[in-house]
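Letters A, B, C, D, E and F mark the chains as written, and numbering starts fresh at 1 in each.
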């Protein structure tokens, strides 16, 4: 091991996973690895990237700091992330550690083609991800739609689909991460109400805690869900409804391009 | 100076300003200041917070790193920012330097009340800032609207106002920063075409390079612009059309609350 | 909270506890605490303080490094440990973080007096802790005994009690930590075989995973076990056999003496 | 020198040696060495690895910190220690410097074989090193013995040899370091009184300040002393009674295995 | 770029240049350059290398700290300076960054030979650079002269040339940097008054702000000025009077010697 | 000690002194001192502030780095130096440690007044210190002189006094440090040959190794030498010829001014 580059693949699914990744990387550097590459398919703290209330702990930052505390290998320490919830996260690292943000676009594109060929509307769950979905849709040369909450004068809220018309069209909703799927179901309902012919879902990170997947399935709104295997839960639940694609190839390519 | 806390107010308007701020802070710490508080009303690198093309320099990170390289005062180094373009930016700082993100909401609220009392629609320039404008509108108990680009099937684009109806209503557009004002004029046109009765603009950071302000004024779309004095250009151009409010009070309050 | 010293009491019972302690301390410093004191009654990695096989991870070091990665509060960061398994551990911390090693001697002394007054032999589980038990016994002015494995010529091993004679005497075994209690039962058997009249046990850190406590109880060798409340498991299992004493007072005293 | 790995062999015999080692390593890194390996046969601060009285300076830590302050070479800085008094010491290093703890076991084994073939008892000076001597004896497949102080009820102390019987046997005492040799003479007397036929001594670090060696020789208890050449004093005093073996081979092997 | 060494040539002519150099170097390291070599032909802060009045900012130090804040490339970061005003400046760098002080002597020697062959007096502007000029003159095997201010008893000052006689001789004045040229004209006048036959000037860094070069030319005291191209102003003003020689070769040689 | 500022006075006379200073400061910080002020009357590495030959160790830098490796006290670490040989040295410190350069001018002024009242020429040993002596003389309102080596055309060297005429005048030579005194005797001879009526010497740091003081005395050129007590050797040798003044007051004043 001494004198040779090391690639350590580890999740941050749980705190124990995170500390195991940190411990092993520390040990590898201490035992003389030439370069320390951490592959983190799922960075579980990505949605806690800022304090929304005073006094909140920004775990995305404290964990980025944790990864930055691994001693530096002679050839450098790099952390490879996949489809982070926020573009700023790679810059939370400190000192000499370098972040590489790997984008799952090729995976999403392949899934979209497999689902619906070339004729579909790429939709997002909410306005927050609209920019990213737009960029993806441009690459795929398909129109986009998204869902907004319209707060009306009286204080009431009405949710509506905007963008390309979805009536009679196939719709593929992309979201970077699915947890309980609540907002996803809400969005699917809007698209269906707007006349979408068939709705499928693509996500990078499928967590599906508890019976989340069952609720998505039994909503009757979604034809299929395509996730990556970045989270072990997605892998564990895979079946005819939840299809899972491997991310290994994306990381291998990123490792090769930066070596 | 030795043994007493120091508050250094400086912009990052130009590279020379940035380095002067850095140099002075270094010197204050070396000469023994008890605590080093940097007040940065305008963090000019905030829109370069991520690489949009491979190889790009993320100056928001390199400048945050620069501020983090100031030697630590015994009582700590803190950087106070105002209405940053991205919520993640405070976490770009490294080591022991602490960021305090000051929000200009009170300023915006006062300006909005002064412009239109209680009856108006708070609008945003584009979807990217929709979330922030929504939060502001909730505080002000007014409805919101925003502008989206609808990419249609044929590849053409149509811009439209969505959200609360603006027909016959007063509209106040908020944007955190105005540079050339191009997209602001575009949005104002959409709101006017949608029937807005009168349109005013509030911004935190008014840069108005070259003849930007003149073009905004002569567009005939905007009744008035209200900016803070975070950028010297806003202060220099103030007149009946461009009204400027001081941010000092916000920083004083933030300094007091965190001491 | 800003400007005031913070004392954060946290265990390192599980990885989640460890990361919670780390996260909270990071947040307290970022939000402006004047001094950051971490009270760690149980440092769970203390027995992994060196690599016994090539390639092993020395978690005592990686976790000390983790605590050292907490940003420094203006008044300094200090970590208070209790009865560490190895005297060298405080020096595993790096940079500016300071370790204070609090000794549970007063607690042990009070427990010993409560169990057996002044007339007993203080015994240790194995030779490794003999030095520490000797120092404790000197303070209590009682004789000591310990157990050694005698490897005989033929390769066979015989365990024996050495030191002060224990025949007809009350014996109190002290061990800094009890996990499964296997070696403790072995030592108690040796002391009983050597004629000890009654055997009680004092420990600082009682972990008792699974049915460890039951096995100790049902061994019939031990009259009672006295532990501190440094580990929640000891607190949860307390009863007539397992008596638990609070460590808070020791930490309060250490905090006062060093402020 | 620039671009090539450097191995710097230096002692920490005196403060001047320590600083020379530090200065040269700093210079080698500044002038561009590719990797900085420090070989420290004798780490003179190893016995001051913890504070035994409040306020004491733990020089083992301050000097480890000193070695950690050498700027990092691109290929990393490593410090090779030999038979440290405490297993925790390598982890006193900070930041990116890596410690390699080289064990002198092969040297001790060869010396033991040369002294007494296969039939001897491996003994230790006191209980503190019993564990290490035990491990060595296991490798050599010989029985072990050690000396304990038995504090008796009346407060008096009796020293005794325990472990394998030594009567009529050859005894080889191993101690990691010999300074004045006081406790070594005490232990040898115990073994002789217990009937040892012939007593020889092996040590890694022979310091023998003043007339220490003469007093060991004239005690009439010890047939010969075998030391390594880790300390120049051992080399200077070598004669028929004090035999010295080179450690260079051990370090060469360790350097090769970790490159 | 990833995995390959990078050489970045940049000036510190203005603050914008300095920050561009810093930004690009940060980015190159982040994008994976194997080694980061900064070539800084003109370090504009070299004359502010100490505080002459209390409270002054020592920009030479703050900018050295800035360069030291660039994240370390795996193969190390090096900064190549040319003819620094003070020999101590390379040691202002911190952490792992290494300075290489390149001397322009070969350039000066070639210029001197081109101007006056072997028969001339090498003179300095003031006593401060006398040591350096002396060393240069020794290499060139020519006599030296310099100018001193003689403070006389009455408080008046008289300037005089000392050293080798200059009467009827060709004189070449060397100064490491020419800004306004005021003291240079003063020195030239002294040498001419002392009988110098012809006076030429060599400098490493020619800044010539405003009409400085014109004033030097029109003084009628100086036959020609030979500068390096370390500062763009020298390059921009080059003509028959101001001759400019490239420094690239010196840096190439230094880069080769240290790789 | 915990919670209170500490002032540690220590020399760097020998390597053992240097390491003792470092060790004690490390310990004081670890045991909780509120602020760590190091008073270093004699920084013995000050004359090795740059490499004069390739490969030389710049001990002034490595030792400054050593002092910078002391962990930071909450109230900061400061190092107080006296009359450093080079003005750049304070900036060799790294990280958060702050240098304060205390000037011995008041001491020199008092000594000069005591020796010769108001009527004397302040002279320097060589051109290198001319600037500093000039500044001192301006404060004292006396004329200055110094000695230069005139390299003549034929390669021969002639030493001469320049500056104010010294014939028939009292001359006081100031040098920041006297080691063997060789160049001092040379300078005194030049001043005497130039007609100086009486010559005395003031120095800040008097080292006088071996019989250096005796050789100065027996030269018959120097009436008396006035040194500070910054070096213990000066204190040990004090007599009618070598007068010693305490520096404590200067440091006390500097400590007070910066607290």
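Criterion: contacts are C-beta pairs under 8 Å (C-beta built on N, C-alpha and C of every residue); 3 or more make two chains touch, one makes a residue touch a chain.
Bear in mind the structure is a predicted one, so any value in this text is a computation, not a measurement.
Enquirer: Going by the contact rule set out at the top, which chains touch both subunit C and subunit F?
Expert: B, D
Enquirer: Using C-alpha centres only, name the chain that sits farthest from subunit C.
Expert: E
Enquirer: Which listed pair, E-F, B-F or A-B, reproduces D-E with over half its contact pairs identical?
Expert: B-F
Enquirer: So, comparing C-alpha centroids, which chain is the farthest one from subunit D?
Expert: B
Enquirer: Using mean CA coordinates as chain centres, what's the subunit A-subunit C distance in Å?
Expert: About 43 Å, centre to centre.
Enquirer: Hey, how far is the Cα centre of subunit A from the one of subunit E, in Å?
Expert: 54
Enquirer: Can you tell me which residues of subunit B touch two or more of the remaining chains?
Expert: If we look for residues of subunit B contacting two or more partner chains, we find 30, 58, 61, 71-72, 74, 95.
Enquirer: Taking all chains into account, which pairs touch?
Expert: The set of touching chain pairs is A-B, A-C, A-D, A-E, B-C, B-E, B-F, C-D, C-F, D-E, D-F, E-F.
Enquirer: Can you list the residues on subunit A that touch subunit B in the complex?
Expert: Interface residues on the subunit A side: 49-50, 58, 60-61, 64, 86-92, 94-95, 127-128, 130-131, 134, 137, 141, 143-144, 148, 150-153, 155, 160, 162-165.
Enquirer: Going by the contact rule at the top, pick out the subunit B residues touching subunit C in the complex.
Expert: 35, 72, 74-76, 78, 95-96, 98, 257-259
Enquirer: Quick one: in the complex, what on subunit C touches subunit A?
Expert: Residues of subunit C touching subunit A: 1, 14-16, 18-20, 22-24, 26-27, 30-31, 55-59, 61-62, 65-66, 68-69, 71.
Enquirer: In the complex, go through subunit F and note every residue touching subunit C.
Expert: Residues in contact with subunit C: 2-3, 29-30, 32, 71-74.
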